[in-house]
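Okay, so here's the structure we're looking at.
Here the chain labels run A, B, C, D, E and F in written order, and each chain numbers its own residues starting at 1.
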Amino acid sequence: MKYGARNKIEATVKSVKKGEVMALAKFSVDKPHEMASVLTVESAEELGLKEGDTVMLVVKAIHVLPVKDA
Amino acid sequence: MKYGARNKIEATVKSVKKGEVMALAKFSVDKPHEMASVLTVESAEELGLKEGDTVMLVVKAIHVLPVKDA
Amino acid sequence: MKYGARNKIEATVKSVKKGEVMALAKFSVDKPHEMASVLTVESAEELGLKEGDTVMLVVKAIHVLPVKDA
Amino acid sequence: MKYGARNKIEATVKSVKKGEVMALAKFSVDKPHEMASVLTVESAEELGLKEGDTVMLVVKAIHVLPVKDA
Amino acid sequence: MKYGARNKIEATVKSVKKGEVMALAKFSVDKPHEMASVLTVESAEELGLKEGDTVMLVVKAIHVLPVKDA
Amino acid sequence: MKYGARNKIEATVKSVKKGEVMALAKFSVDKPHEMASVLTVESAEELGLKEGDTVMLVVKAIHVLPVKDA
(Lines give C-alpha, C1' and ligand atoms only; values in the text may rest on other atoms or scores of the structure.)
Protein backbone atom coordinates (compact mmCIF):
# COMPACT_ATOMS: atom_id res chain seq x y z
CA MET A 1 0.00 0.00 0.00
CA LYS A 2 1.05 3.57 -0.62
CA TYR A 3 0.00 6.39 1.72
CA GLY A 4 -0.57 10.05 0.91
CA ALA A 5 1.46 11.11 3.95
CA ARG A 6 5.11 12.02 4.43
CA ASN A 7 5.58 10.36 7.83
CA LYS A 8 5.54 6.57 7.96
CA ILE A 9 7.37 5.35 11.03
CA GLU A 10 7.96 1.73 12.03
CA ALA A 11 7.14 1.19 15.68
CA THR A 12 6.50 -1.47 18.33
CA VAL A 13 3.44 -1.41 20.58
CA LYS A 14 4.33 -0.97 24.25
CA SER A 15 0.93 -0.47 25.85
CA VAL A 16 -2.73 0.22 25.15
CA LYS A 17 -5.01 1.92 27.66
CA LYS A 18 -8.72 1.88 26.91
CA GLY A 19 -11.34 4.32 28.20
CA GLU A 20 -15.01 4.20 27.28
CA VAL A 21 -14.70 5.83 23.86
CA MET A 22 -11.02 6.67 23.32
CA ALA A 23 -7.82 4.66 23.76
CA LEU A 24 -4.19 5.71 24.18
CA ALA A 25 -1.53 3.50 22.60
CA LYS A 26 2.21 3.89 23.22
CA PHE A 27 4.98 2.77 20.91
CA SER A 28 8.74 2.56 20.82
CA VAL A 29 10.62 3.69 17.73
CA ASP A 30 14.09 2.21 17.63
CA LYS A 31 15.48 3.01 14.20
CA PRO A 32 16.65 6.36 12.86
CA HIS A 33 14.05 7.73 10.44
CA GLU A 34 12.96 10.83 8.58
CA MET A 35 10.10 13.16 9.41
CA ALA A 36 8.45 15.98 7.49
CA SER A 37 6.41 19.04 8.45
CA VAL A 38 4.21 21.26 6.31
CA LEU A 39 3.87 24.77 7.69
CA THR A 40 3.28 28.26 6.30
CA VAL A 41 6.26 29.99 4.69
CA GLU A 42 5.69 32.70 7.32
CA SER A 43 6.13 30.19 10.14
CA ALA A 44 9.21 28.65 8.48
CA GLU A 45 10.78 32.10 8.21
CA GLU A 46 9.86 33.08 11.76
CA LEU A 47 11.57 29.89 12.96
CA GLY A 48 14.51 30.61 10.65
CA LEU A 49 14.70 26.87 9.85
CA LYS A 50 17.97 25.94 8.15
CA GLU A 51 19.91 22.74 7.54
CA GLY A 52 21.55 21.39 10.69
CA ASP A 53 19.25 23.17 13.17
CA THR A 54 18.05 21.15 16.12
CA VAL A 55 14.29 21.34 16.63
CA MET A 56 11.61 19.56 18.60
CA LEU A 57 8.75 18.09 16.59
CA VAL A 58 5.51 18.25 18.58
CA VAL A 59 2.59 16.07 17.43
CA LYS A 60 -0.67 15.58 19.31
CA ALA A 61 -1.32 11.86 19.75
CA ILE A 62 -4.70 12.16 18.03
CA HIS A 63 -2.91 12.83 14.72
CA VAL A 64 -0.97 9.55 14.78
CA LEU A 65 -2.64 6.79 12.73
CA PRO A 66 -1.50 3.23 13.46
CA VAL A 67 -1.59 0.82 10.51
CA LYS A 68 -1.07 -2.93 10.91
CA ASP A 69 -0.80 -5.88 8.56
CA ALA A 70 -4.10 -7.68 8.48
CA MET B 1 8.21 24.84 28.40
CA LYS B 2 5.71 22.05 28.77
CA TYR B 3 3.51 20.95 25.87
CA GLY B 4 0.03 19.44 25.98
CA ALA B 5 1.05 16.76 23.47
CA ARG B 6 2.37 13.21 23.85
CA ASN B 7 4.86 13.30 20.97
CA LYS B 8 7.94 15.49 21.37
CA ILE B 9 10.71 14.26 19.08
CA GLU B 10 14.20 15.71 18.79
CA ALA B 11 15.16 16.18 15.16
CA THR B 12 17.68 17.84 12.86
CA VAL B 13 16.63 19.97 9.88
CA LYS B 14 17.71 18.48 6.55
CA SER B 15 15.94 20.72 4.04
CA VAL B 16 13.27 23.38 3.66
CA LYS B 17 11.37 23.89 0.41
CA LYS B 18 9.26 27.04 0.15
CA GLY B 19 6.26 27.56 -2.13
CA GLU B 20 4.17 30.73 -2.20
CA VAL B 21 2.11 30.03 0.92
CA MET B 22 3.23 26.66 2.28
CA ALA B 23 6.66 25.16 3.01
CA LEU B 24 7.82 21.57 3.42
CA ALA B 25 10.59 20.90 5.95
CA LYS B 26 12.41 17.57 6.27
CA PHE B 27 14.13 16.29 9.38
CA SER B 28 16.26 13.38 10.51
CA VAL B 29 15.51 11.66 13.80
CA ASP B 30 18.52 9.71 15.01
CA LYS B 31 17.69 8.61 18.55
CA PRO B 32 15.24 5.94 19.65
CA HIS B 33 12.12 7.59 21.07
CA GLU B 34 8.56 6.95 22.13
CA MET B 35 5.40 7.83 20.27
CA ALA B 36 1.73 7.81 21.25
CA SER B 37 -1.55 7.59 19.39
CA VAL B 38 -5.08 8.38 20.51
CA LEU B 39 -7.73 6.46 18.61
CA THR B 40 -11.23 5.14 19.27
CA VAL B 41 -11.49 1.98 21.36
CA GLU B 42 -13.28 0.51 18.34
CA SER B 43 -10.26 1.19 16.12
CA ALA B 44 -7.85 -0.18 18.72
CA GLU B 45 -9.88 -3.38 18.92
CA GLU B 46 -10.22 -3.70 15.16
CA LEU B 47 -6.42 -3.42 14.91
CA GLY B 48 -6.06 -5.87 17.78
CA LEU B 49 -3.16 -3.79 19.13
CA LYS B 50 -1.14 -5.65 21.75
CA GLU B 51 2.31 -5.33 23.30
CA GLY B 52 5.08 -6.33 20.93
CA ASP B 53 3.10 -5.83 17.68
CA THR B 54 4.88 -4.12 14.84
CA VAL B 55 2.89 -1.26 13.33
CA MET B 56 3.44 1.65 11.00
CA LEU B 57 2.59 5.09 12.37
CA VAL B 58 1.29 7.33 9.60
CA VAL B 59 1.20 11.10 10.21
CA LYS B 60 0.40 13.76 7.63
CA ALA B 61 3.18 16.36 7.55
CA ILE B 62 0.70 19.16 8.26
CA HIS B 63 0.23 17.79 11.80
CA VAL B 64 3.91 18.08 12.72
CA LEU B 65 4.73 21.29 14.63
CA PRO B 66 8.39 22.31 14.72
CA VAL B 67 9.51 24.18 17.86
CA LYS B 68 12.91 25.83 18.15
CA ASP B 69 14.83 27.65 20.87
CA ALA B 70 14.51 31.36 20.28
CA MET C 1 -23.66 29.43 5.64
CA LYS C 2 -20.51 28.89 3.66
CA TYR C 3 -17.66 26.76 5.00
CA GLY C 4 -13.95 27.06 4.31
CA ALA C 5 -13.69 23.31 3.73
CA ARG C 6 -13.85 21.15 0.60
CA ASN C 7 -15.79 18.24 2.13
CA LYS C 8 -19.42 18.83 3.07
CA ILE C 9 -21.28 15.54 3.16
CA GLU C 10 -24.98 15.06 3.91
CA ALA C 11 -25.48 12.28 6.42
CA THR C 12 -28.01 10.70 8.77
CA VAL C 13 -27.23 9.99 12.43
CA LYS C 14 -27.30 6.27 13.25
CA SER C 15 -25.96 6.21 16.81
CA VAL C 16 -24.24 8.28 19.48
CA LYS C 17 -22.12 6.71 22.21
CA LYS C 18 -21.07 8.97 25.07
CA GLY C 19 -18.08 8.51 27.36
CA GLU C 20 -17.10 10.90 30.13
CA VAL C 21 -15.43 13.50 27.93
CA MET C 22 -15.62 12.27 24.33
CA ALA C 23 -18.47 10.87 22.24
CA LEU C 24 -18.51 8.77 19.07
CA ALA C 25 -21.27 9.43 16.54
CA LYS C 26 -21.98 7.21 13.53
CA PHE C 27 -23.68 8.28 10.34
CA SER C 28 -24.94 6.79 7.10
CA VAL C 29 -24.18 8.54 3.83
CA ASP C 30 -26.57 7.42 1.12
CA LYS C 31 -25.99 9.71 -1.84
CA PRO C 32 -23.02 9.78 -4.20
CA HIS C 33 -20.82 12.79 -3.38
CA GLU C 34 -17.43 14.36 -3.98
CA MET C 35 -14.47 14.42 -1.67
CA ALA C 36 -11.19 16.31 -1.75
CA SER C 37 -7.75 15.79 -0.22
CA VAL C 38 -4.87 18.22 0.19
CA LEU C 39 -1.48 16.50 0.34
CA THR C 40 2.10 17.36 -0.58
CA VAL C 41 3.02 17.20 -4.25
CA GLU C 42 5.61 14.64 -3.15
CA SER C 43 2.91 12.39 -1.69
CA ALA C 44 0.67 12.82 -4.75
CA GLU C 45 3.56 11.78 -7.00
CA GLU C 46 4.55 8.86 -4.79
CA LEU C 47 0.94 7.64 -5.00
CA GLY C 48 0.94 8.29 -8.74
CA LEU C 49 -2.65 9.59 -8.44
CA LYS C 50 -4.34 9.85 -11.83
CA GLU C 51 -7.91 10.15 -13.08
CA GLY C 52 -9.85 6.91 -12.75
CA ASP C 53 -7.65 5.37 -10.02
CA THR C 54 -9.44 3.64 -7.19
CA VAL C 55 -8.24 4.75 -3.75
CA MET C 56 -9.33 4.47 -0.15
CA LEU C 57 -9.81 7.75 1.71
CA VAL C 58 -8.86 7.34 5.37
CA VAL C 59 -10.07 9.98 7.84
CA LYS C 60 -9.74 9.80 11.61
CA ALA C 61 -13.15 10.35 13.21
CA ILE C 62 -11.83 13.27 15.25
CA HIS C 63 -11.47 15.31 12.04
CA VAL C 64 -15.15 15.03 11.14
CA LEU C 65 -17.22 18.05 12.22
CA PRO C 66 -20.99 17.56 12.38
CA VAL C 67 -23.09 20.65 11.63
CA LYS C 68 -26.84 20.75 12.20
CA ASP C 69 -29.62 23.23 11.56
CA ALA C 70 -30.42 25.04 14.78
CA MET D 1 -3.90 -3.71 6.10
CA LYS D 2 -5.91 -2.48 9.04
CA TYR D 3 -6.18 1.24 9.84
CA GLY D 4 -6.64 2.90 13.21
CA ALA D 5 -9.34 5.17 11.78
CA ARG D 6 -13.14 4.91 11.62
CA ASN D 7 -13.57 6.38 8.13
CA LYS D 8 -12.37 4.32 5.18
CA ILE D 9 -14.18 5.38 2.02
CA GLU D 10 -13.73 3.88 -1.44
CA ALA D 11 -13.34 6.61 -4.04
CA THR D 12 -12.31 7.29 -7.64
CA VAL D 13 -9.78 9.98 -8.56
CA LYS D 14 -11.33 12.74 -10.68
CA SER D 15 -8.53 15.30 -10.83
CA VAL D 16 -5.21 16.31 -9.29
CA LYS D 17 -3.99 19.91 -9.26
CA LYS D 18 -0.38 20.48 -8.26
CA GLY D 19 1.11 23.68 -6.84
CA GLU D 20 4.73 24.08 -5.77
CA VAL D 21 4.43 22.32 -2.42
CA MET D 22 0.80 21.23 -2.01
CA ALA D 23 -1.62 19.40 -4.29
CA LEU D 24 -5.42 19.17 -4.31
CA ALA D 25 -6.98 15.88 -5.38
CA LYS D 26 -10.70 15.41 -6.06
CA PHE D 27 -12.59 12.16 -5.82
CA SER D 28 -16.05 10.78 -6.50
CA VAL D 29 -17.68 8.50 -3.97
CA ASP D 30 -20.45 6.49 -5.56
CA LYS D 31 -21.50 3.89 -2.98
CA PRO D 32 -23.43 4.45 0.22
CA HIS D 33 -21.07 4.21 3.20
CA GLU D 34 -20.75 4.91 6.89
CA MET D 35 -18.92 7.76 8.56
CA ALA D 36 -17.97 8.45 12.17
CA SER D 37 -17.15 11.55 14.18
CA VAL D 38 -15.47 11.92 17.55
CA LEU D 39 -16.46 15.07 19.39
CA THR D 40 -16.79 16.20 22.99
CA VAL D 41 -19.87 15.05 24.88
CA GLU D 42 -20.59 18.77 25.35
CA SER D 43 -20.63 19.31 21.59
CA ALA D 44 -22.78 16.22 21.01
CA GLU D 45 -25.29 17.50 23.57
CA GLU D 46 -25.28 21.03 22.20
CA LEU D 47 -26.06 19.58 18.76
CA GLY D 48 -28.69 17.33 20.32
CA LEU D 49 -27.60 14.52 17.97
CA LYS D 50 -30.11 11.69 17.85
CA GLU D 51 -30.84 8.78 15.53
CA GLY D 52 -32.43 9.87 12.26
CA ASP D 53 -31.20 13.50 12.38
CA THR D 54 -29.88 14.94 9.14
CA VAL D 55 -26.50 16.61 9.55
CA MET D 56 -23.73 17.92 7.34
CA LEU D 57 -20.28 16.45 7.96
CA VAL D 58 -17.60 19.07 7.30
CA VAL D 59 -14.00 17.87 6.81
CA LYS D 60 -11.08 20.03 5.74
CA ALA D 61 -9.35 18.44 2.72
CA ILE D 62 -6.03 18.36 4.57
CA HIS D 63 -7.45 15.67 6.89
CA VAL D 64 -8.23 13.24 4.09
CA LEU D 65 -5.49 10.62 3.55
CA PRO D 66 -5.55 8.79 0.21
CA VAL D 67 -4.26 5.19 0.30
CA LYS D 68 -3.63 3.18 -2.88
CA ASP D 69 -2.58 -0.37 -3.69
CA ALA D 70 1.11 -0.38 -4.54
CA MET E 1 -26.52 26.36 12.61
CA LYS E 2 -24.95 24.38 15.41
CA TYR E 3 -21.38 23.11 15.17
CA GLY E 4 -19.84 20.04 16.77
CA ALA E 5 -16.83 22.06 17.93
CA ARG E 6 -16.01 23.86 21.18
CA ASN E 7 -14.25 26.87 19.62
CA LYS E 8 -16.41 29.34 17.68
CA ILE E 9 -14.68 32.71 17.55
CA GLU E 10 -16.04 35.86 15.93
CA ALA E 11 -13.37 37.50 13.78
CA THR E 12 -12.81 40.13 11.10
CA VAL E 13 -10.87 39.39 7.90
CA LYS E 14 -7.68 41.45 7.64
CA SER E 15 -5.98 39.91 4.59
CA VAL E 16 -6.04 36.96 2.22
CA LYS E 17 -2.94 35.77 0.39
CA LYS E 18 -3.46 33.21 -2.38
CA GLY E 19 -0.90 30.75 -3.71
CA GLU E 20 -1.59 28.20 -6.42
CA VAL E 21 -3.39 25.67 -4.24
CA MET E 22 -3.46 27.03 -0.69
CA ALA E 23 -4.38 30.43 0.75
CA LEU E 24 -3.52 32.12 4.06
CA ALA E 25 -6.18 34.32 5.64
CA LYS E 26 -5.57 36.59 8.64
CA PHE E 27 -8.16 37.78 11.09
CA SER E 28 -8.49 40.10 14.07
CA VAL E 29 -10.37 38.96 17.14
CA ASP E 30 -11.44 41.91 19.24
CA LYS E 31 -13.78 40.54 21.88
CA PRO E 32 -12.91 38.43 24.90
CA HIS E 33 -13.95 34.82 24.29
CA GLU E 34 -13.59 31.29 25.54
CA MET E 35 -11.49 28.52 24.11
CA ALA E 36 -11.30 24.79 24.80
CA SER E 37 -8.68 22.10 24.34
CA VAL E 38 -9.00 18.34 24.37
CA LEU E 39 -5.82 16.55 25.37
CA THR E 40 -4.85 13.29 27.06
CA VAL E 41 -5.22 13.16 30.83
CA GLU E 42 -1.48 12.38 30.85
CA SER E 43 -0.71 15.64 29.05
CA ALA E 44 -3.04 17.62 31.31
CA GLU E 45 -1.28 16.20 34.36
CA GLU E 46 2.18 16.76 32.95
CA LEU E 47 1.22 20.41 32.34
CA GLY E 48 -0.30 20.56 35.81
CA LEU E 49 -3.17 22.68 34.41
CA LYS E 50 -5.17 24.36 37.14
CA GLU E 51 -7.61 27.26 37.35
CA GLY E 52 -5.92 30.63 36.98
CA ASP E 53 -2.80 29.35 35.16
CA THR E 54 -1.59 31.39 32.23
CA VAL E 55 -0.95 29.30 29.13
CA MET E 56 -0.34 29.83 25.44
CA LEU E 57 -2.75 28.08 23.08
CA VAL E 58 -0.94 27.06 19.90
CA VAL E 59 -3.05 26.16 16.84
CA LYS E 60 -1.74 25.47 13.36
CA ALA E 61 -3.56 27.69 10.85
CA ILE E 62 -4.68 24.66 8.85
CA HIS E 63 -6.97 23.67 11.71
CA VAL E 64 -8.93 26.93 11.66
CA LEU E 65 -12.17 26.71 9.63
CA PRO E 66 -13.71 30.01 8.55
CA VAL E 67 -17.52 30.05 8.27
CA LYS E 68 -19.42 32.95 6.73
CA ASP E 69 -23.08 33.86 6.26
CA ALA E 70 -24.08 33.00 2.71
CA MET F 1 10.79 29.26 22.07
CA LYS F 2 9.52 29.75 18.55
CA TYR F 3 6.60 27.73 17.19
CA GLY F 4 5.89 26.69 13.61
CA ALA F 5 2.27 27.78 13.96
CA ARG F 6 0.43 31.01 13.14
CA ASN F 7 -1.92 31.01 16.14
CA LYS F 8 -0.41 31.63 19.56
CA ILE F 9 -3.04 32.92 21.95
CA GLU F 10 -2.53 33.93 25.58
CA ALA F 11 -5.20 32.40 27.77
CA THR F 12 -6.16 31.69 31.38
CA VAL F 13 -7.26 28.24 32.56
CA LYS F 14 -10.87 28.21 33.80
CA SER F 15 -11.51 24.51 34.30
CA VAL F 16 -10.16 21.03 33.59
CA LYS F 17 -12.43 17.97 33.38
CA LYS F 18 -10.72 14.60 33.30
CA GLY F 19 -12.13 11.37 31.87
CA GLU F 20 -10.29 8.06 31.79
CA VAL F 21 -8.12 8.83 28.76
CA MET F 22 -9.03 12.31 27.54
CA ALA F 23 -9.44 15.65 29.33
CA LEU F 24 -11.27 18.84 28.37
CA ALA F 25 -9.71 22.14 29.44
CA LYS F 26 -11.47 25.51 29.15
CA PHE F 27 -9.77 28.88 28.92
CA SER F 28 -10.65 32.55 28.83
CA VAL F 29 -8.99 34.82 26.29
CA ASP F 30 -9.24 38.44 27.35
CA LYS F 31 -7.01 40.41 24.99
CA PRO F 32 -7.63 41.21 21.32
CA HIS F 33 -5.42 39.00 19.16
CA GLU F 34 -4.82 37.83 15.63
CA MET F 35 -5.73 34.48 14.12
CA ALA F 36 -4.82 32.83 10.84
CA SER F 37 -6.37 30.11 8.70
CA VAL F 38 -4.88 28.08 5.88
CA LEU F 39 -7.47 26.80 3.40
CA THR F 40 -7.60 25.91 -0.28
CA VAL F 41 -7.79 28.80 -2.73
CA GLU F 42 -11.04 27.18 -3.90
CA SER F 43 -12.51 27.45 -0.40
CA ALA F 44 -11.30 31.03 0.02
CA GLU F 45 -12.97 31.97 -3.26
CA GLU F 46 -16.17 30.11 -2.44
CA LEU F 47 -16.32 32.07 0.83
CA GLY F 48 -15.47 35.26 -1.02
CA LEU F 49 -13.25 36.30 1.90
CA LYS F 50 -12.33 39.98 1.76
CA GLU F 51 -10.97 42.56 4.17
CA GLY F 52 -13.55 43.66 6.71
CA ASP F 53 -15.80 40.60 6.41
CA THR F 54 -17.12 39.16 9.65
CA VAL F 55 -16.60 35.41 9.94
CA MET F 56 -16.78 32.73 12.58
CA LEU F 57 -13.63 30.71 13.12
CA VAL F 58 -14.50 27.14 14.09
CA VAL F 59 -11.77 24.98 15.67
CA LYS F 60 -12.28 21.53 17.16
CA ALA F 61 -10.88 21.46 20.70
CA ILE F 62 -8.59 18.57 19.86
CA HIS F 63 -6.52 20.91 17.65
CA VAL F 64 -5.73 23.33 20.46
CA LEU F 65 -2.31 22.69 22.06
CA PRO F 66 -1.74 24.26 25.48
CA VAL F 67 1.86 25.27 26.26
CA LYS F 68 2.96 26.36 29.74
CA ASP F 69 6.16 27.68 31.28
CA ALA F 70 7.91 24.83 33.06
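Throughout what follows, contacts are C-beta pairs under 8 Å (C-beta built on N, C-alpha and C of every residue); 3 or more make two chains touch, one makes a residue touch a chain.
What you see is a predicted model, and the numbers here were worked out from it, not measured in a lab.
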Name, by label, each chain that touches both members of the pair subunit D and subunit F.
A, B, C, E
Joint neighbours of subunit E and subunit A, given as chain labels
B, C, D, F
Hey, how far is the Cα centre of subunit D from the one of subunit E, in Å?
21
Residue numbers in subunit F touching two or more further chains are 2-6, 18-25, 36-40, 42-44, 47-49, 58, 60-63, 65-68
For this assembly, give the contact graph shape among line, ring, star, complete and other.
complete
With touch defined as at the start, can you tell me which subunit E residues reach subunit A in the complex?
24, 38-40, 42, 60-62
In their shared complex, subunit C is touched by residues of subunit A numbered 2-6, 19-22, 36, 38, 62-63, 65
Listed in rising order, subunit D residues that touch subunit C in their complex are 3-16, 18-41, 43-44, 47-68
If we count contacts the way the header does, which residues on subunit F are in touch with subunit B in the complex?
1-5, 21-22, 25, 38, 65-70
In the complex formed with subunit B, which residues of subunit E make contact?
17-20, 22-24, 37, 39-40, 42-44, 46-49, 58, 60, 62
